[in-house]
Amino acid sequence: MEVLERVAFYVMAVLAVISALLVVVNRNPVASAMSLVGAFLAVAGLYLTLNATFLSAIQVLVYAGAIMVLFLFVIMLLNLEREPFDLPGIGRIAGFGLSVALLFSLISLALGAVARPETSARGGSGAEIGDVFFSDYLFPFEMASLLLLVAMVGVIVVARRRKPEEEEEEQA
Amino acid sequence: MITVVDYYVVASILFAIGALGFLLRKNVLVMFMSVELMLNSANLVLVASAKSFDLARGSAFALVSVAVAAAEVGVGLAIIIALFRLKATVDAEEITNLRG
Amino acid sequence: MNSFGILSLITFLPLLGALVVAFLPRENPKVLRAAALLFGLANLGLSLLIVNAAGTMVFVERLHWIPAFGVCYGMAVDGISMPLVILSCLVVPIIIATTFHVGRGLKEYLVLLLIMETGMVGVFCATDIILFYVFFELTLVPLYFLIGMFGGVNRIYAAFKFFLFTAFGSLPMLVAILFLLYQHHQATGVWSASIEDLRALRLDAATQNWVFAGFALAFAIKVPLWPLHTWLPDAHVQAPTGGSIVLAAIMLKLGTYGFLRIAMPLAPQAAHSFATPVLVLAVISVIYGAYLAWAQDDLKKLVACSSVSHMGFVMLGLFALEPLAARGAMLQMLNHGVSTGALFLLVGCVYERRHKRGLDDFGGLVKVSPALGIALVITSLSSIGLPGLNGFVGELFILLGAFKTQPVFAILCASGVLLGAIYMLQMVRRVCYGTPNCEEAAHLSDMSVAEKFAFAPLVILMFWIGLAPGFLLERIGPAVDSILAALGNT
Amino acid sequence: MEENLLELIILIPFASVVVQYFLHRVLPARLAGLIACGAVLVPFLLTVVVGRGIGAAAPQVPAVTATIASWLTGGGLEVAFGLRLDPLSCAWTLVVTGIGFLIHVYSLGYMHHDPGFKRFFIYMNLFIGSMLALVLGDSLPLLFLGWEGVGLCSYLLIGFWFEDMNNARAGQKAFVVNRIGDLGFLLAMLMIFQTFGTLDIAAVTNGLSAGHAQGTFALGDARITLIALLLFVGACGKSAQLPLFVWLPDAMAGPTPVSALIHAATMVTAGIYMVARFSVFFALAPVASAVVAIVGALTAFVSATIALRQRDIKKVLAYSTCSQLGYMFLGLGVGAYGAAVFHVVTHAFFKALLFLGAGSVIHALSHEQNAMKMGGLKPHLPRTHWTFFVGCFALAGIFPFAGFFSKDKILGEALLGHGWLFPLVGVLGLITALMTAFYTFRLYRLVFTGPERLDAHAKKHLHESPATMTVPLVILALLSIGGGALSLPAFAHFDILGDYLRPIFAPALAVAGEAAHHAVNVEVALMLVSLAVVIGGAWWAWNRFARGPGDQLPLPQGGLPFLLENKWFVDEIYAIFVVGPMRGTALLAGFFDRYVIDGIVNGLARLCDLCGAVVRLLQNGAVHTYALLFIAGAVYLVCSLL
């Protein structure tokens, strides 16, 4: 059992890191997007190893399902080509350096953390999360729904195609 | 024994990769994906930490975060579409309209 | 604790007027002007009800506003604020009655003016220092827009300069105010922002100096004292007529009123120790302003520079710390408001006709448009302090008083009287006498009935203050005496 | 009763101004003129009525007082519109209203055709009112009000024909130069208030006398001397004394009746009035008195020299006025207060006469003023001629005309005075008398006798003036003949004016010590000497200009005549040394303000702008830059947590 858990964790972790790297490295946006799906699924797996079953399901549904589809739609819509390769400039070198620095500093921060005993009273099942949401966190829950509504309206307003006369008016 | 520290390390690596992607890629969409990666790593830390306290609550936090991310992606992609209409490019280095 | 009363009415009626005017259709300028004028006159009528305020604070209103910090909505008037309130209420209808050539922006113009009135009256009525500050800053915004929207060619520069200068002074003042509130809390354990309570504080000399400096910077910019005066000519020259009048007649008084009401009583020792440096600046203002006025070729600029000179005189009266001089300073504030306001009104009248303001763009005005010319001559004479007109009374009081305590400064300032005659008379000569310098200058229409009616109260005031200042002196006297007494003037 | 009449004296002219101003559309010109004349005549009659009662009023200085209304009160100051008619002010009031009335009547004719007829009379009445405020005011501020009021009227009337910029400029010059003097007056007022704590004139002078008696103020007290000198500065401005006399000749730009009333008979004597009013101060300040005497004598001398060479008929009279005023100050300076006042009165008679005569000539010649273009007018203007002739005798000071007595009194006091100063100024006065006689008869000869040198234009309308103008001339001529009777020499024991004024000057004379009475033969001898000098001068001029200007110049060409021709270059000296530097300062101030102070202000703004521009480089719009900085910050934060 112990070993299985360990294997599951390492597999998922390696999968997540590799997929993430692929996202960054692939010059074709579609390939990047597909790698991102992999990364999301791997994270969902990590959630499973943490016993956060409901979250894991949501991760697959929302990220791997909805968000990624959205990304793909947009990529198709914009009809993007491969990003051409060009020599790294000062900004990129600095970016790379900074990222590495970030990596090491974060890892050293993580390694310095003390592992507390895992004494969670409740698990991550849907029922338990429902309890929390419909009692203590009702307000944030409602706010989240409101946020999604507002975002929806906003998206429609921002992304819709304007009629020519409207555009003229805006420019004037 | 897998401890929370291991999760932290994985999250750190994911976060750094996200930062790397954001800094190195010019395609706005890919940069945006990198941001999602970073969000995911943050969520991972949240849930892993919650194991020591109350997993249900931690999951609830993470869920709200997911909802926000969903909203954000929606708006962000809409802006990208609008921008593309305006400039016919998704190259972040060419989109500098907000310079002072 | 009285609740809402007459002072609040006087303060906020113009705001209501602004609201009403804002909702009237912009197509009908007559209705707009009539409505604004109605509110202005109604307010003037109301303001006359407080005419008997003298030595003590009357018409007291006090409502809690921010109880946690003892901030109140406190209003009251005494003999110092009363004339200034009435003058503010008088000036606004005069401006409205003579405003014709603003164009499409008339509505905004009137709205801004009325908001301005609220701010000005509020400053003079406030007995709570935070309220004072709020009104003090409130006056800034409408005037900024008046200059920026309706001004001359260089209006944006002038409006910015005006705004930045005054805002630059206001911030140290806010710090000083907050510091005082904190000190009061430290000393008594009670939060209070009432000026009366803060006056009771006993701060040590060094602290007082800092407090005084904070206030003095804000007020000195408003006055304006040399060398902080350069915003004034620019603002005046660029401002529309109404803006110039308000600026000269009321806004500058905020500075001197602030010194008298806030800075000096709240830091009495500092008022004594700062007297000499302030007086040095005042004398420089008087003489430098006069020379500056002499060098100008633009009517508005000339009058603006003369303001610097006259306000220096007021400062001499205040910081002589002597009852006669303080009376004179108060009178001189009013006189300057009346005379310089009138001068700007007249300059506006000529500008509307000629669309030029140069001293040499006219000639023979007395012949071409007699009423306008005579009005200009009378106003100029009042401005140079001819006995029998208002300017003299104030100057005499200031000099008689200042000579007792600060003879050197008094003598130096008295020479400003001489310079005043020079630049004013040469202005009168170049504009009013001789023959018209060109064809356009020979055919200027005379004052219209509205202009005459608007101007009449100012002339009446000039003669009234000049010949029978007793009415005002009876009311101003006890009020300034009580302030001076609190200064421990010995 | 008397109080009310006293109030009326001053209120009537002002009321008349108000009525005329507000009804100027309705009133016919003729009626307006009559109202104006009446507004001067009635106060004159009232003054006669009220003034008669003064003699018996009180043991001290007899006076009638009245208070119209309160004026400046509070803070330890108590000044009302209070009037005080004592012998001194009564004398002045009679001169002002009496001569004023005659000149008003004269103006009815003189200004008849002028479009500004009504305006003229408004100004004239305003002047009379202000002048009365000056002499009747019982406090310094009221005196100052009148003082400035007459200055204003002078300004307005000099620039009466303001279409000509030169006239307006002359008015401005008069006002500004007067203001220099007024500054002195104002400072004196401040010092008086500080010293005595009151501005009531009677209280101040009594206080000083009492203070002297108690030893508070010694003879020659520095403070009193300073006050006296400052007062005298004021007097110099108003009464056109050296070095502030430059405005008076220019003031001739106004209509001639104005010159007669304001710039000869009344306003310019205000300085004399003030010094006489504060005679105690001068008596207690020998230095100030000496300054007064020297300035007076020098002015008398210098102005007379300039008058020798003037061509403009009014300019000659103007310089003559300066010169005569100098005499009066000379008299005040040597302590002959009564004589000075006497000279004021007689001078008012004959100088008004001469100016009005000159006006009549100018009127007849269609505004020709150059004496070189006159000549032979005697048969054309008979009445004008003989009255002018009388005026010349009076001005020259020939027995028994009015000028002789008053001038001689002053010269006598000076020449017979003690020390070296008094005789010195006396001799200067004697020389001036010689020149006075010379230029007076030079003027007479040039204008009325000899060949006609008229322009065709002037000749066309040549006519004697109407009765409204000649009747006042005749009356003034009679006064100039008989005016000397007011105050005969001491040995005649007939001195109405002197006796009347005695209580006024008693305190001053008590301080300075009563002037010694001189032996009769000394006085008579002195009179004969001065008479001889004067007649000599007159005779010289009479012969010299028998046939018009001849070679035009009584003195040989050279440096001195050139200097005199150009009035000692005083105007030019002022322009270079006073006006120029001040104007320069003004321009400098303008420059300084624009480029230095505003330069600093705008410089600060530009500095902020510059800082902004530097910082703005960071906001380049590229997301990568921001992200780079952001992540650098994140790294820093994380590292700091380690």
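A, B, C and D label the chains in the order they appear, each numbered from 1.
The definition used in the following text is that a contact is a pair of C-beta atoms (placed from the backbone, for glycine too) under 8 Å apart; a residue touches a chain by one contact, two chains touch by 3 or more.
None of the values given here were measured: they were computed from a predicted structure.
*Asks:* Name the chain whose C-alpha centroid is farthest from the C-alpha centroid of chain A.
*Replies:* Chain centre farthest from chain A's centre: D.
*Asks:* Report which interface contains more C-beta contacts, comparing A-D against A-B.
*Replies:* Pair with more contacting C-beta pairs, A-D versus A-B: A-B.
*Asks:* Specify the chain with the shortest distance from its C-alpha centroid to the centroid of every protein C-alpha atom present.
*Replies:* C
*Asks:* Let me have the rounded angstrom distance from the C-alpha centre of chain A over to the C-alpha centre of chain D, please.
*Replies:* The answer is 99 Å.
*Asks:* How many angstrom between the C-alpha centroids of chain B and chain A?
*Replies:* Here chain A and chain B have centroids separated by 5 Å.
*Asks:* Just the number, please: Cα centre separation of chain B and chain D in whole Å.
*Replies:* 94
*Asks:* Whole-Å distance, chain A centre to chain C centre, using C-alpha means?
*Replies:* Each chain's C-alpha centroid was found; their separation is 64 Å.
*Asks:* Counting only residues that touch at least 2 other chains, which ones in chain D make the list?
*Replies:* As it turns out, chain D has residues touching two or more other chains at 624, 627-628, 631, 634.
*Asks:* On chain B, where are the residues touching two or more other chains?
*Replies:* In chain B, the residues touching two or more other chains are 19, 23.
*Asks:* Would you give the residues of chain A that are in contact with at least 2 other chains, written as numbers and ranges?
*Replies:* Within chain A, residues 91, 95, 98-99, 102, 106, 109 contact more than one other chain.
*Asks:* Considering only which chains touch which, label the overall pattern as line, ring, star, complete or other.
*Replies:* other
*Asks:* State which pairs of chains touch, listing all of them.
*Replies:* Chains touch in the following pairs: A-B, A-D, B-D, C-D.
*Asks:* Can you list the residues on chain B that touch chain D in the complex?
*Replies:* 19, 22-23, 31, 92-93, 95-100
*Asks:* Quick check: in the complex, which residue numbers of chain D touch chain A?
*Replies:* 624-625, 627-628, 631-632, 634-635, 638-639, 641-642
*Asks:* Which positions of chain A touch chain B when the two form their complex?
*Replies:* 2, 5-6, 9, 13, 16-17, 20-21, 23-24, 29, 32-33, 36, 39-40, 43, 46-47, 49-52, 54-55, 58-59, 62-63, 66-67, 70-71, 74-75, 77-78, 80, 83, 91-92, 95-96, 98-100, 102-103, 106-107, 109-111, 113, 115-125, 128-129, 131-133, 136-137, 140-141, 144, 147-148, 150-152, 154-156, 158-159, 161
*Asks:* Name, in rising order, each residue of chain C that touches chain D in their complex.
*Replies:* Listed in rising order, the residues of chain C that touch chain D are 161, 164, 227, 229-231, 233, 288, 291-292, 294-296, 322-324, 326-327, 364, 366-367, 381, 386-388, 392-393, 396-397, 399-401, 403-404, 407, 410-411, 414-415, 417-418, 421-423, 425-426, 429, 432-435, 467-470, 473-474, 476-477, 481.
*Asks:* Could you list, by residue number, the parts of chain D that touch chain B in their complex?
*Replies:* It is residues 616, 619-624, 627-628, 631, 634 of chain D that touch chain B.
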